[in-house]
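I've put the structures underneath this note.
Here come two complexes built around subunit A, the first alongside subunit B, the second alongside subunit C.
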Partner chain A sequence: MSAFSGTVGLALKIAFLSIVNALGIWAAVVLIDHHKWRAVAVLAAATAGLDAIYLVKRWTLPLKFLIPGTIFLLAFHVVPVAYTVNVAFTNYSTGHILSKSEAIAGIKVNSLTEVENGKAYTIAPARDKGGHFLLVLRDDSGATFIGTKDGLRPIPRSDVTVSDGAITAARGYRVLKGTELGSLDKELSTFTVPLGGDKAIQPQGFDTAVVLAPTLRYDPKADGFVRLKDGVLFKDNNRGSFVAANGEELEPGWKTYVGTRNFSRIAHSSLIRDPFLKVFVWTLVFASLVVFISFALGLLLAITLNKPGLSFQRTYRALLVIPFAVPAFLSLLVWQGLLNDDFGVVNRLFHTSIPWLFDPNWARVSVILVSVWLVTLPLLLVAVAPLMIASFAFNFNNFGNIYLLTGGGPALGNSPVAGATDILISYTYKIAFAAGKGQDYGLASALAIIIFFVVATISAVSFTRTKALENLA
Partner chain B sequence: MSTSERVAEVTVPAVAERRQPKRRRFAQNWWRHAVALIALVFALFPVAYVLSAAFNGDNSLSGSSLIPRHVTFDNFRTLFVGQKNTTGHATFQNAHYASWFANSMIVAGATALLTVLLGALAAYAFSRFRFRGRRLGMLTLLLIHMFPQLLAVLAIYLIVLNVGDIFHFIGLNTLSALVLVYLGGAMGVNTWLMKGFFDTIPSELDESARVDGATPAQVFWGVVLPLAAPVLAVIALISFVATLNEFVIASVVLETQHKFTLPVGLWQYIDQKYSEHWGPFAAGVLIAAVPAALLFAFLQRYIVQGLTQGAVKG
Partner chain C sequence: MKVGRRLAILLAVVLAASLTLIGGRATPAAHASAKAAKLTIWVDNVQKPAVDKIASAWGTRRGVDVNVTFHAFGSIRDDLKTVKTENAPDVIVAAHDWTGDLAANGLVAPLFPTKAIKKQFPAYALNAFSYGGKLYGAPYALENVGLVVNTRLVKVPTTFAQFEKEALAFKHKSADNIALAVPQGSGGDAYHMYPFFSGLGGFVFGSGKNGALNPNKIGVANKTFLKNAPLIDKWNREGLINSKVDYGTGKNAWLKQKAAFWITGPWETDALKASGIPFRIIQLPKIKFRSVPFLGVQGMMVTKFAAAHGVASLAKDLVANEMMKPSFQLDLEQANLRYPANIVAGKRVSDPVLKQFGKAGIGGVPMPNIPQMGSVWAELGGAWVKATKGPGATPARVAFATAARNIAAKIAGG
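Up next, the complex of A and B:
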């Protein structure tokens, strides 16, 4: 009866645990090497936990079977979802990606502008004996300097060889030439030589540099930036930006918690609420129509074909199931081609020129038509009423059908993001990833939570109706 | 009654007897056949069209007709070798189809196998053991999966990005990372379906095995799994097709042409270029449809059995 004897089973178990532990130790070594201490702690705890579960005899028995799947569930579903929920309460979006201290540093750098009538330098990128990157500089008067990340230091003019106005050599340093310069782009573009008073020398290409001075000064006490020319104060607005009294805002902002602001934006900001409501209504219409038409057609076909003794019955059934065996993404891409208004077969067949995918209303008809095509036929196999609610919940989130067919489009005139055929999930996806006007992860995550509650409600109704919970008895 | 008719009756009486009721049946059922034929046209028209376009020599969408004027395999060659450009070199972007196909098979195959394994392990625990938190655990699984993994794709991207900084082999642009992410969905609705099926396997079978001295692991591998073959086949098929279809996560995790899966590759191949790429695209669709179709054919007898027993019986 048993697949293998107790000894073989034990051996397999020991081998498996040994591999897990070996992997754990190897990964820990790599992580320690990268100074990822928290990850090391999590890894050690997880490995110890696994060992305990599989070595202890009795009471961990169910866990032995549940743990493998649970690990993946936690790592790639629960953690991402938890993170998404977290993001829903932040302003994480284009322009609010950095931490506050990174944003302050960024604003300081952005505010550097060339000083009027400031000094200009001829430069040459070079390395010292230790290989450290630095600049050899020469100003208009012929005075020569070495510029490092720490500051500017004069050197004797005689140390520097100049020919045709370019620095070609410097005693004690190796001036970089030719191909060496090519690989330097990134290092050079971020390299500045600090001077007193927040000023700095910044290279402008490989052979000149100018003096830059900040136009803004960070005041830690006021937690804001002061504009030097007019003294205007930009204060932290608690929503991830420094803002002046007149509404002027400094960029970049930073990521911060904003409470339920994303949700209240969905409820109150007409820019978001109106497209959201339109999309929401269309989602309901789409899902119900697809389910209704599919079931009506499915039922009709079932009644039609279920006549005992009907000739070709088996042939009809066998042929009707063929599309079901074709992966949906292929069918969707094919339909996109068939419905193409210029070349599409559908238009050529009927001698029409209907913009199937590019007119808002026709596009809506098309996504329903194609979804019905995809849904109806499998129902010939299992046309049962309880499936209707499940099918509704499925179509409510049927991202693929919309995105692969119309991409949510065509665009609706009054919204930059929402298209005529967008359902909530594709609208959310576009806000997070594909919006031309910048991406708003916070808002998208808030929408994701709303979708979750809608689907959970639908499913709860479905379960009480079908009494699937009896399974638990 | 005319003579000729009588003659006919005499010469082929057996055939006439059988044919007569059949003809009458057809007369009664003509509308059924009409409905079936309309349904068939609606259902099979895209399939027929792809079939014809794949073998059609004229590979633009506008030039395609339902019956190919001359049958060629050029489209298939374009797909695997690439089109020759004016200098005689294969144009690069067309020649990745083989990689896309292989990648899809690897990812979907691995995901399907491991999903069945992980799901079956969990389903066995839920079906056979009575432990605290069992009910809560199953409900939690359902609840978690109502939050689509798709909407957490930003977090998934960041996780893969950060893990990949240290462990390159499961970082961005690797198939292994994609499989790992998909396995996050291994315990979910599948587990419920399998648990339902496991419940129908009489527990007397396990008990007698246990009396004979088998461990729970031996009962799982030796008794329950072989008896659950139908539902395992169905879950493997569902998982395989679902993974094959998955577009969003694949498009975020995979970055370069030769790592793409079929949906990402074909979507990008056809995007905005329908008229030029229609022929090779149709050929690609045809080949891409083969594995799933074969699986359906082989597993057909299991599908209804596995689905109905798992879903309906408690």
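Up next, the complex of A and C:
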């Protein structure tokens, strides 16, 4: 009898499967609410499949062990990768996160402008005897009106009771008050009193209303906005924006597919292309040196510490585990302080004044040294070729170390974005999130895909070499 | 047979569990439709008590369920971009420099408070929350840095020359002393350095004819500033400003009385009061121009989701009306340790530290709120770092001219 059977095992299994099924049914109810029939079918099939695999006895045994791993692989690797690839072909960025219909609604709202010198009314929502919704209004001069969907109609001032600046009653109407207002929103927030032309009185909350007029009108036939004052047409540019002939753009835009535009931007933008080689070479140097030095140092320490009869052997070994025990970002911040040129411990201890973080070359040395300190042990434990390649790939994208220690800096004199210690991944981050007009997820995803291919190529070549080495032996 | 029994047990448990889940899901929905409306507000811990107080009083009066939810300040802006409509907030607390980003993304709704309410706010606080000529936020608090002077160690300077003399004399007393604790570090800190930048005639973006900021008018290396920039080289030579001082180093030095001057803001009020050091907070004395700081304005915004949730009028009533009143702003001041944006409320502030920081911010410039500001921070901070790193520093004219070129390239490239 193995640990997976018996009463306890069965109970656990039933409990676990019950949770899976219950979640499945719950998810199905939610999906049915949203009329996502295809998703419901997939969900039902997957849940039934899972039940079958774990309830049937014999032939599904290998699957029982494979399924959890596969699910996690899908959830944590395949889905993000698919998502990244998808985003790389969109314009997803600041100003382009809504759908087109949401963007059109947003532009309409944004185009509303105060007119008549910002004229405002004190208002009170009310109902007439027939229960129809309307507004009682009072302007700055004290003139009073009734506002309906048909327009504004003056009423005698004596009909309206005002106390403490607020309208509390109006003869012939029932002013809505207190908790009644909470349920009024749907009626009130779309309610406008037309004033002729494009102008309308629009309530802002429950006490005030202002006169607003749109500056743009959407024309569904032309699929564009017309600016009312000069007739300029803003047309869909197929890249998620309404743009006028002179290049003026309406905000917000929307998220849409833009084909390979992000990739051609990478190829054509001097901002990205020019420093690319420099950053690429430094990335290679950084990754190779960190792997090489930590491997050499690790081997040396391993041999030394394995010497029989070495006193305090356990203490030394315990000390070596410290880089593992302390979270990397914490030790990076500590290192940043230790390496401060004028006030850091390192320079004070050795009576030197090395500009560890402020000189491009010294900053590069610092980044390598600190990374070695942080990755010595894994190589000590597993000094084999495939893991060196993995370590190389890891350091190739060692964003945390670079970003937290030097932030990619110090700046290189002539490059707008890249700093002396920027590796490809931290450089991507800067291009995507700290340049131009805020965040550009589409461009970032395209760059990430390119970096993936670079790492994949290097790793593939290295693995082929490793195989050759094995064959020789 | 055995499989049959297992199936039976499984089915029973599944049925029970899924009914509980579905039941749990159905109850709040039924509850919500029975009640009038529900308004969700995202705030950080510091604002929560004050917002809770006003929201519950207002909610009872209006017949609304107000759900004040804690959301870490630093993640509100980006989470608003990805949140699903059903979980989205109707009102958020916001920093004014998010305005351009959120408005360009179409995530916030314009507000039209009455003239009477607007009159209670300084124009720059309203401008700080405006984008493309529209107001998107109700300001409630102001913050800015000031020059904190240890009055036991030095005299409070009234001119820049006096400040320079006092700072350098103190520095020369001991090798451990720092002339001025203004944070930079290798990454730079354009925010804390802004009084020196503005005092030499620098500005980030010029404005167009409608008063809106123009990202193509970059003032980082304008003529006046470049003419005055050699003063930076002088400060570097004499050690008045040193970019190797980072936030922690500077704060420590001042608290341990190894620095007599510290550029910091109201977020250090508690540390200042606890230090036991006698101090005064002033605006950095005028260099060539008034050395004004950057202003940060905090406020409340109505999101586009309020309309989808059917609470647009309620949200506007709360934000553009209730929350702009002096009483709410004073409540927040107590919890928030920031100077209220409402002028009437500002006159009633009694905390001496806040009052002094408030005075140090007079004439200040709101941090540009257009999304292109993202291209500026690192470059402007980097120019200061390069020009004030001690021996081997880049001449200031070169450093700032390079920064201006890079900013232009980044903005064009985006």
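In the analysis below, the second predicted complex is superposed on the first by the 241 of 473 C-alpha atoms of A that agree within 3 Å, B and C clash if a C-alpha of one lies under 4 Å from a C-alpha of the other, contacts with A are read in each partner's own complex, and residues count from 1 in each chain.
Everything below uses one rule, namely that contacts are C-beta pairs under 8 Å (C-beta built on N, C-alpha and C of every residue); 3 or more make two chains touch, one makes a residue touch a chain.
The model shown is predicted, which means the values in this text are computed figures rather than measured ones.
Asker: I'd like to know which partner A:S311 touches here: subunit B for first, subunit C for second, both or neither.
Answerer: first
Asker: Does subunit B (first) or subunit C (second) touch A:V109, or do both, or does neither?
Answerer: A:V109 contacts subunit C only, not subunit B.
Asker: Which of the two partners, first being subunit B and second being subunit C, lies in contact with A:P252: first, second, both, or neither?
Answerer: In the superposition, A:P252 contacts subunit C only.
Asker: Just checking: does A:N340 make contact with subunit B only, subunit C only, both, or neither of them? Give me first, second, both or neither.
Answerer: both
Asker: Counting only touches as set out at the top, which of subunit B and subunit C does A:L320 meet: first, second, both, neither?
Answerer: First partner only.
Asker: What is the contact status of A:D440 with respect to subunit B (first) and subunit C (second): first, second, both, or neither?
Answerer: Only subunit C is touched by A:D440; subunit B is not.
Asker: Share the list of subunit A residues that count as touching for subunit B in one structure and for subunit C in the other.
Answerer: Shared contact residues on subunit A (touching subunit B in one complex, subunit C in the other): 30, 336-337, 340, 342-343, 433.
Asker: Quick check: in the complex, which residue numbers of subunit A touch subunit C?
Answerer: Residue list for subunit A touching subunit C: 10, 14-15, 17-19, 21-23, 25-26, 29-30, 51, 55-57, 94-95, 97-98, 102-103, 106-107, 109-110, 112-114, 118, 120, 178-186, 188-189, 203-208, 210, 212, 251-252, 269-272, 336-337, 340-343, 355, 357-359, 363, 406-407, 409-411, 413-417, 430, 433-438, 440.
Asker: Give every residue of subunit A touching subunit B within the complex, in rising order.
Answerer: Contact set of subunit A toward subunit B: 1-4, 6, 9, 13, 27, 30-31, 34, 36, 61-66, 68-70, 72-73, 75-81, 83-84, 87, 297, 300-301, 304-305, 307, 309-312, 316, 319-320, 322-331, 333-338, 340, 342-345, 373, 377, 381-382, 397, 399-400, 403-404, 425, 428-429, 432-433, 441, 444-445, 448, 451-452, 455-456, 459, 470-473.
Asker: Residues of subunit C touching subunit A in their complex?
Answerer: 3, 6-7, 9-10, 13-14, 17-18, 20-22, 25, 36-37, 60-64, 81, 101, 103-107, 109-115, 132-134, 185-187, 242-246, 248-249, 304, 307, 310-314, 316-318, 320-321, 371-372, 374-375, 377-379, 382, 385-386, 389-390, 392, 394, 402, 405-407, 409-411, 413-414
Asker: Give the list of subunit B residues in touch with subunit A in this complex.
Answerer: 22, 25-26, 29, 31-33, 35-36, 39-40, 42-44, 46-47, 49-50, 60-62, 64, 117-119, 121-122, 124-125, 129, 131, 134-135, 137-139, 141-156, 158-159, 166-167, 180-188, 191-192, 195-196, 199, 208-209, 212-223, 241, 244-245, 247-248, 252, 262-263, 266-267, 270, 274-275, 278, 281-282, 285, 288-289, 292-293, 296-297, 303-304, 307-308, 314
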